[in-house]
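We call the chains A, B and C, going by the order they appear; numbering starts again at 1 in every chain.
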Amino acid sequence: MNAMNRPEQRVVTLAHGGGGKAMRDLIETVFTATFQPDAMEDQARLMDAALQEPGARLAFTTDSFVVDPVEFPGGDIGKIAVCGTVNDLAVGGARPLWLSAAFIIEEGTEIALLERVVASMKSEADKAGVRIVTGDTKVVGRGMADKLFVTTSGVGVIPAGRELAATQVRPGDVAIVNGVLGDHGAAILAARGDMALSAEIPSDCQGLGHLIEAVISAAPGARAARDATRGGLASALNEIAEAAGVGIEIEETALPLRPEVRGMCEILGLDPLYLANEGTLVVFVPEDEAPAALLAMRTVAAGRGATIIGRATPDQPGRVTMRTLFGGARIVDMLVGEQLPRIC
Amino acid sequence: MKYAEEFRDPVAARALLAEIARVSDQIGATAEKPIHIMEICGGHTHAIFRYGLDKLTPPGIEFIHGPGCPVCVLPMSRVDECVELAEQPGVIFTTFGDAMRVPGTRKSLLQAKADGADIRMVYSPLDALELARRNPDREVIFFGLGFETTTPSTAFSIQQAAAEGLENFSVFCNHITVPPPIKALLDDPHMVLDGFVGPGHVSMVIGIHPYDFIARDYGKPIVVAGFEPLDLLQSVLMVLQQIREGRAEVQNQYARVVPEHGNPASLAAIEDVYTPRPSFEWRGLGEIDASGLRIRDSYARFDAEVKFGIGYAAGPRHVEEVEGCECGAVMTGRIKPTGCPQFGRGCTPEMPLGALMVSSEGACAAYYQYGGARAPEAAE
Amino acid sequence: MCLGIPGQITEVTDAARMMAVADVSGVRRAVNVAPIADGPLDGLVGKWALIHVGFAMAVIDEDEAEKTLEALRGLGEAQETLEAMAAGQAALEGRT
């Protein structure tokens, strides 16, 4: 009988990280059984025909995830990890192919928690059409990590001719977001319980690969896409404005927000522009392709709430400004300091 | 959102702005000779910049940003004392978020937290009380900061702690009152002030009569205002109308929230728990008589200064401002944020020299974040 | 620290400690109603209050709110009329 099935084995111990039998059992039962890699070598050996196309480029990204709490309405650390990495590839115009997943586990963490996180990851990977092909497991003593940290790296292929990059954005380009802003940040805040707030706000965590493909098909001139994670939409826009040397003007009245997120921001004095998202992006397209892009986005589940929020301008390059409710103007700066720690 | 969104209607805003422009003309206010209206409260400063009202009102109206930002007026010595308290073994130091990044002589609370002190951000003194209940073996200190808006909350929390017989809860009391610094500013011969937009939420507690002296003794109009943009615009209009008609009165634009005589339960709690200090130090204004509150002897077991022998209990100490820091001058409206040579250079939100760049209600933070100013204006 | 937001009291949770729940656009926060308690706390359910750092500090006077809004709406309507007139004039003069 597999040692893993005995009741006293239902938490992770240092032995599980030791490289011996306990670790092998943990990996087999929890990780390999779910992710089903082709082989159990130290490395995954892979090929995709698209990589060999002339002009194709390999896209490669990595992210670590330390979100607290590990499980929250709308997802868990595993879901964020897979979606986050898939999205980082997708916003570059890459078709995501393979992911690695490394786990640092605190001694005493329940194995059932690990199983739920891994199941999440498999589910998201399947939705995104990627496979988790390699990984690593380490266990650290109690107090040396907070339950679970996950690092995912991902590779994808950018087909020839695609150049999605912040530097491509030009004055006149239209900025479109795929849905409401700030749900993830608000969900985490509520889930932490520090503020004695309760609200039905699930994280917006979702993969955006299919959405990007839909945009690019309908709007081949699409310039850039960015997912608005830490630092929120404001930070994503500032990065683009600076990289492209353009000004960006957004309309306060155009920003889509759930009433509950609006309410939470009012209570706590937070600005929703800076709340983290895990399934929301902003994409810049040439003005004449905006209607087609919008239509395409709205046909995909992740883009149902797609809406235009502003445009790039030649004025005040590097700056993001917002026209307020009454036509006043304010600057939308980069986030200073940290709105909320361990948001993703 | 009820009672908020209706007060943000752009059409009504345009109407108010048109009327403000008209009355401003009638008074003869111009950019060279503007009407100086002080918004006392930091929350109003923030709202003005968030909605771009400073740019929408005519050039003949100049907003002078007042000292109503409790984080901004905190002297550095008090920040140092917070850090000292937080670094005591076994202490959980709780504070509103804004105060965490204000620089002290050695470090800010945020830096102290990075160095290992158990400092936690709370939204309410009730959260601190709950921490005390859940951690009976730790000393929970709440940094009681704020004007009369927040003073009752701390008072009610102390009363609750007394009722429960909690022994591990105390408050580092930095509560201050609005009328004394206003009087100090009005007495300052350098200040040119034509009218005031009064603090709506302070008034919700103290009512509108504490401001009678402004109209009666100094002949200046004051309109107590709400915090939505229409509230502010309507209040500015009411100030201008008073000036046009040669009146000096206390008016209440925020009547839906502000009762004329304030809130009896809150005033009773304040009276029960606190007593005025003979004087209290304000950043930029120096010592002002009877402007700060301390916890009464009857509640001394909840007074962190007494419990830990710190602050005014130990003998107050004054810490000199950082070289080049002009927080005091900005906060009293003598110069604009862009008039400070450090603005955007030695002092930015990432690396602040003083509290006005840190606090969400500070004028410098508002200029930097919303107004886009990044450098001091060239000296005239 | 002036941050206050209107919220609706939805239920009393601990009368002895004066605790209730306020709702702001679907977000619920525990609030202490000591400042506005005037008789049995259940009487507060349904009322709108100004919420600040976890306390319901003042009951919002719905009549006063309506009066203020009326005045503002009146101004708004007058403004809309003015704007419509101005737009009409501009059209007549071929300026649009």
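Keep in mind that, in the parts below, a contact is a pair of C-beta atoms (placed from the backbone, for glycine too) under 8 Å apart; a residue touches a chain by one contact, two chains touch by 3 or more.
Since the structure is predicted, the reported quantities are computational estimates derived from the model, not experimental observations.
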Pair with more cross-chain C-beta pairs in contact, given A-B and B-C: B-C
Based on Cα centres, what is the most central chain? B
Of all the other chains, whose mean CA position lies farthest from subunit C? A
Approximately how many whole Å separate the CA-defined centres of subunit A and subunit C? 36
Calculate how many whole Å lie between the centre of subunit A and the centre of subunit B, each centre taken as the average of the chain's C-alpha atoms. 38
Interchain centroid distance [CA atoms averaged], subunit B/subunit C, Å: 23
Return the residues of subunit B touching two or more other chains; collapse runs of consecutive numbers into ranges. 1, 4, 14, 123-124, 126-127
Where subunit C touches two or more other chains simultaneously, the residues are 3, 5, 24-25, 30, 54
Where does subunit A touch two or more other chains at once, residue-wise? 195-196, 259, 262-263, 266, 269
Complex interface listing, subunit C residues touching subunit A: 3, 5, 7, 24-30, 51, 54
Spell out the part of subunit B that touches subunit A in their complex, as residue ranges. 1, 4, 8, 10, 13-14, 17, 49-53, 55-56, 101, 110, 120-124, 126-127, 229, 349-350, 360, 368-372
In the complex, the residues of subunit C that touch subunit B are 1-6, 8, 17, 24-25, 30, 32, 34-37, 48, 50, 52-55, 57-58, 60-62, 64-65, 67-69, 71-73, 75-76, 78-80, 82-83
Residue positions on subunit A within touch of subunit C in the complex are 190, 195-200, 259-260, 262-264, 266-267, 269
State the interface residues of subunit B toward subunit C in the complex, per the touch definition above. 1-4, 6-7, 9, 11-12, 14-16, 18-19, 41-44, 68, 70-71, 96, 98, 123-127, 145-147, 149-150, 152-153, 156, 160, 199-202, 204-205, 227, 230, 234, 253, 255-259, 263, 265-266, 269, 361
